[in-house]
Amino acid sequence: MAQRVAIVGTGQTDHKSHRPDVSQREMIQEAVMRALADCDLTIKDIDAFVIGNMDHFESINYVDTWSVEGAGAIMKPIMKVTTGGTTGSTVAIAAYYHVASGLFDKVLAIGWEKNSESDTTAAIITCSDPIWDRFSYSGAIPSLATEASAYMKQYGATQEDAARVAVRDRNNALNNPHAHLRRPITMEDVMSSPMLAYPIKLLDVCPRTDGACAVVFAAENSAKKICQKPAWVKACSVRHTYTWFGDSSDYTSGLVSLKRASQEAYEKAGIRNPAEELDVAELYLPYTYAGLKWIEDLGFCRPGEGAQFVADGHTNMDGKIPVNPSGGVISTNCIGATALLRVAESAIQIMGKGGNRQVPDVKQAIATGFGGCFWSDVMILGAAMP
Amino acid sequence: MNSWEKEVVPLTMKGQIAVPYTWWVGETGSRFLLALRDEEKILGNRCERCGTTYVPPRKNCGLCFVPIDHWVELSKEGVVTSHTIVRQKFQLQPANTPFAYAIICLDGADVGLVHLIKDNLEKLKNGIRVRARFKEKAFRKGDLRDIDCFDII
Amino acid sequence: MDKIAIIGVAQTRYERRKKDKTYYDLVYEMTRDALVDAGLQISDIDNVVTISNDFMDGRTISSMAVGDAAGAYDKNISTVEGDGTFGAFYGAMRVLSGFKNTLVVAHAKGSEGDNKIITNGMFDPIYQRHLGLESISSSALQANAYMDRYHISEEDIALVSVKNHANAKNNPLAQMPMSLTVDDVMRSNKIADPLKLLDCSPISDGAAAIIIAAEDQVEKAKKKPIWIKGVAHCSDNYFLGDRDLADPRALRKAAKKAYAMAGITKPMEEIDVVELYDAFTYMEPLWLEGLDFCDPGTGIELLKNGVTTMNGPLPVNPSGGVLSAHVVHVAGLARIIESVLQLRGEAGDRQVNGAKTALAHGINGPCGQSHCVWVMSNQK
Amino acid sequence: MVTERDYNRLLTLSFDTPMPYEWSVGIHGSRFFHEIKKHQRFIGIRCPECQKVYVPPRRVCAPCFKELHELVVLPNQGTIRAFSIVNYPFIDPDTGRQRPIPYTYGYIQIEGADNIFSHIINETDIEKIEVGMQVRAVFKAKTDMQGHMSDILHFEIMENPGV
């Protein structure tokens, strides 16, 4: 019989551009130890592990078996699940199914990346099709630039609108002791930063980060014992719908995968009006324009209204639905951990452990993952047991 | 249905993944490798919870999940616990074939270390004692290969 | 565990090189064929698990290449990097969590990459990678540790090669059906002592798919459902020097759990056929010990006494095993599929008569560090 | 926490062995390259269900999950749907060296196709290129073609798209 699942603990490293002081495995262990400490468990309490990252970013094959000492999985079940940028959410969802299936009681989800160890663009290029795309592909920015310019053309959004997202997220990061980029920025800073590919400027995009995240999922009965305020998984949904870059280019319809995934998740969670019913959102926004457009696809506002919604302050810390209290992806981007950090931060908000970044009285939160070929993952967490 | 598919001569395309990597060794590993490089010493460390002495040393014990602070200098000698004589070449091998890989349990350690044995392979068997042969100081780089190989005693 | 079943299977012919097919093609064909086998439409599938590996495919996010081909458009999908038994286990968890039908599809083309460089990538970047270790030399260390401890000879393990390549002659999909003698194996090229060429599995191309269904879905399928009775996985420590390579304790732990789920107390009596991951000859007896079919060190006696041959009481690898076709990551799924065929009674010339309970096994990582054990039955 | 001062006691190890591959192009892709070499023209493939035309041709239409067979000859020209002038240095994983920059990465909709084809456009002056322009494929000399995307040298902006 499928069982209810909750997040009972989270751990993350203090994210940095470089972590020369720890090897990859030691960095993973740091996050795992923090997750265990967060819920007062020991490694012996964990029944199974799910881990993910990007193989060619650090050149590690079989990350599952390679990591066991750091993960704490010696003589335990461990599985590797990986799907590119969505890896972190994919790992979280896999950990959820491990527990929901009734086969495991407490499962640790781990995502990590040490981007300082390779040429990130070179590594990203290897995700393109070797026959058709790798010859000309130059990384993620051009396709995002395409989406951004199409959106601007369609709805008249401006570079300033996008800059507001950067200012919001980066300044939120000041409240997050774990965030990588923790310097306040202004609209002028964003607007005057170098143009990478029109309309995307340097401060519109995510950094590359060394870091790891670990999240403990537990079955109903244990969750209640371990944790006073567990973050219950109310729904998760995935759309990895495209295989070819050239197929995901219908930008006028929005981010279709996110629309479909969130609709399914809302239905499962019984949410009709997301902006009203969700109290906080941790969104995988790899660049600022996504912070305008994708909140429309998530149904926070109507198509074309994203820029105004953000400008009106609805996504600020004191707004209707605060987005990215953690500082989000443009403040911290350890790729294999990035989407898991969204899940962890959402859980932190439900548990009320957000410190300076806590949104008051969070009952329902949404986390998203983005990656691959314009793919989307969604997880909805709640304070009340579903 | 047209059957153009049957007439196509299939092509292949050669390429490679040539991404350069630079891995951080970390504080614990660096201390171990610097001792090899600068002092010709093989360091291990011991988990005071379970008593296991590790080589290479670990920042935390994977079994007990506690930090390990107790460092020990291990003997440069140990016992072969398993081995294989490699006959087939591979570009990443640091020695010419035939050479041997061996798991060596250094005196004072509780776990084995995988390394190379290059000479007197006809004498090689499990249980035999071996001693680390270091590279000349000028050739040592802070790498496990600063031990050139182990010699049968 | 709720009752769930495998209701559709498909596998390619396993070959050294499928030059005319991309992995996209292979995944499409297996998805199509598994649906045909089950008598389902793509719309009956409500979620998909693909299995691929970025090192094998030469591509980061290798899963991105096959989503369309797996019919995963607008569906919940995920990807396991690792052996097919692990990916299928994730597929089973999803059904147990409430999905109706999970399609699990794996692909790999060993012909496209350099197997030694790819498997060198399993080893620790700081302490092992530069030593040039890869799958064969590391496994040779394990073979040596095991054979030395229990006084098992090279001739002994050669018997495994003789048996499994002969079994492959009854499997039209196998890559290496061969009539061999112990002498042939002993005379084959030495690679890393004690392993010789015919102790090693080949490099192969292929793909395979299964459909796992919830109990209330099985009646829609046209084939006899094969029930999943127990599944478990477990990983040993990572560094070769931290492990006792001659003691497959992680397998023992996984098997114990899978047996408990399946209610099996005397595996030798209760299991009728075994498909295990014999990437190298020595692995078959070693894994049989880990699976508790015999005492440590006596696995080879089972073969010498005829227990594990086709006519014996416990045929092992009637398909010819991994020694006869080794599509990395697909191989574990192929073990599950062979078990399903045996339990359906569709195994043709290699049918084990009256097989009711089968065991399939897969491994991940160097020297069988991580194991996954499946117990299946044609009895609900 | 580690500071830069500590870097001399914190080591790194490097690895730069290229991993070689030889990928199958597949029957559909091979036909595309044969067509380029033989006739210097593009072909796509049409879905019998939704009628979408894909270029390069592929085996399956994802939304319909239908196998595709009907080849369609396409003109070797199209419209720029998006482009990006790549100006940041990075390692080309195919060579292990820096890819020459600047170059323009373009999303091109081949006339008669429903999806996007990506390739290089030989214009790196931001003043001279814009979305919506018509471009035409420029091919390598036939004798140099090897069944590779580089058989198409690049796309060039058409001066008189009407002609």
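Letters A, B, C and D mark the chains as written, and numbering starts fresh at 1 in each.
Note that in this section contacts are C-beta pairs under 8 Å (C-beta built on N, C-alpha and C of every residue); 3 or more make two chains touch, one makes a residue touch a chain.
These figures come from a predicted structure and were not determined experimentally.
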| item | value |
| --- | --- |
| Chain pair with the most C-beta contacts | A-C |
| Computed distance of Cα centres, subunit D from subunit A, in Å | 30 |
| Euclidean distance of C-alpha centroids - subunit B vs subunit D, Å | 42 |
| Between subunit A and subunit C, centroid-to-centroid distance (C-alpha), Å | 34 |
| Centroid spacing, where centroids are CA-atom means, of subunit A and subunit B in whole angstrom | 36 |
| Per-residue overlap in subunit C, given as positions that touch at least 2 other chains | 19-20, 24, 55, 58, 67-69, 73-74, 117-118, 125-126, 129-130, 237, 239, 242 |
| Residues of subunit B touching at least two other chains | 8, 10, 12-13, 15, 17, 19-27, 29, 62, 91-92, 143 |
| Contacts with two or more other chains, residues of subunit D listed in rising order | 2, 10, 12-13, 15, 17, 19-27, 29, 58, 62, 91, 93-94, 148 |
| Chain contact topology (line, ring, star, complete or other) | complete |
| For the subunit A and subunit C complex, residues of the former touching the latter | 1-2, 23-24, 54-69, 73-84, 90, 93-94, 96-98, 100-103, 123-124, 126-127, 129-130, 237-244, 260, 371-373 |
| Residue numbers on subunit D that touch subunit A, as the complex places them | 1-2, 6-7, 10, 12, 15, 21, 23, 25, 29, 56, 58, 62, 81-88, 90-94, 99, 103, 105-107, 115-120, 126, 131, 148-150 |
| Subunit C residues touching subunit A - in the complex, by the definition given at the top | 1-2, 24, 53-55, 58-61, 63-69, 72-82, 86, 89-90, 92-94, 96-98, 118-119, 121-122, 124-126, 231-239, 242, 249-250, 253-254, 364-366, 369-370 |
| Residue numbers on subunit D that touch subunit B, as the complex places them | 2, 9-31, 33-34, 69-71, 91, 93-96, 147-148 |
| Parts of subunit B lying in touch with subunit D, wherever the complex brings them together | 1-2, 4-5, 8-27, 29-31, 33-34, 91-92, 142-143 |
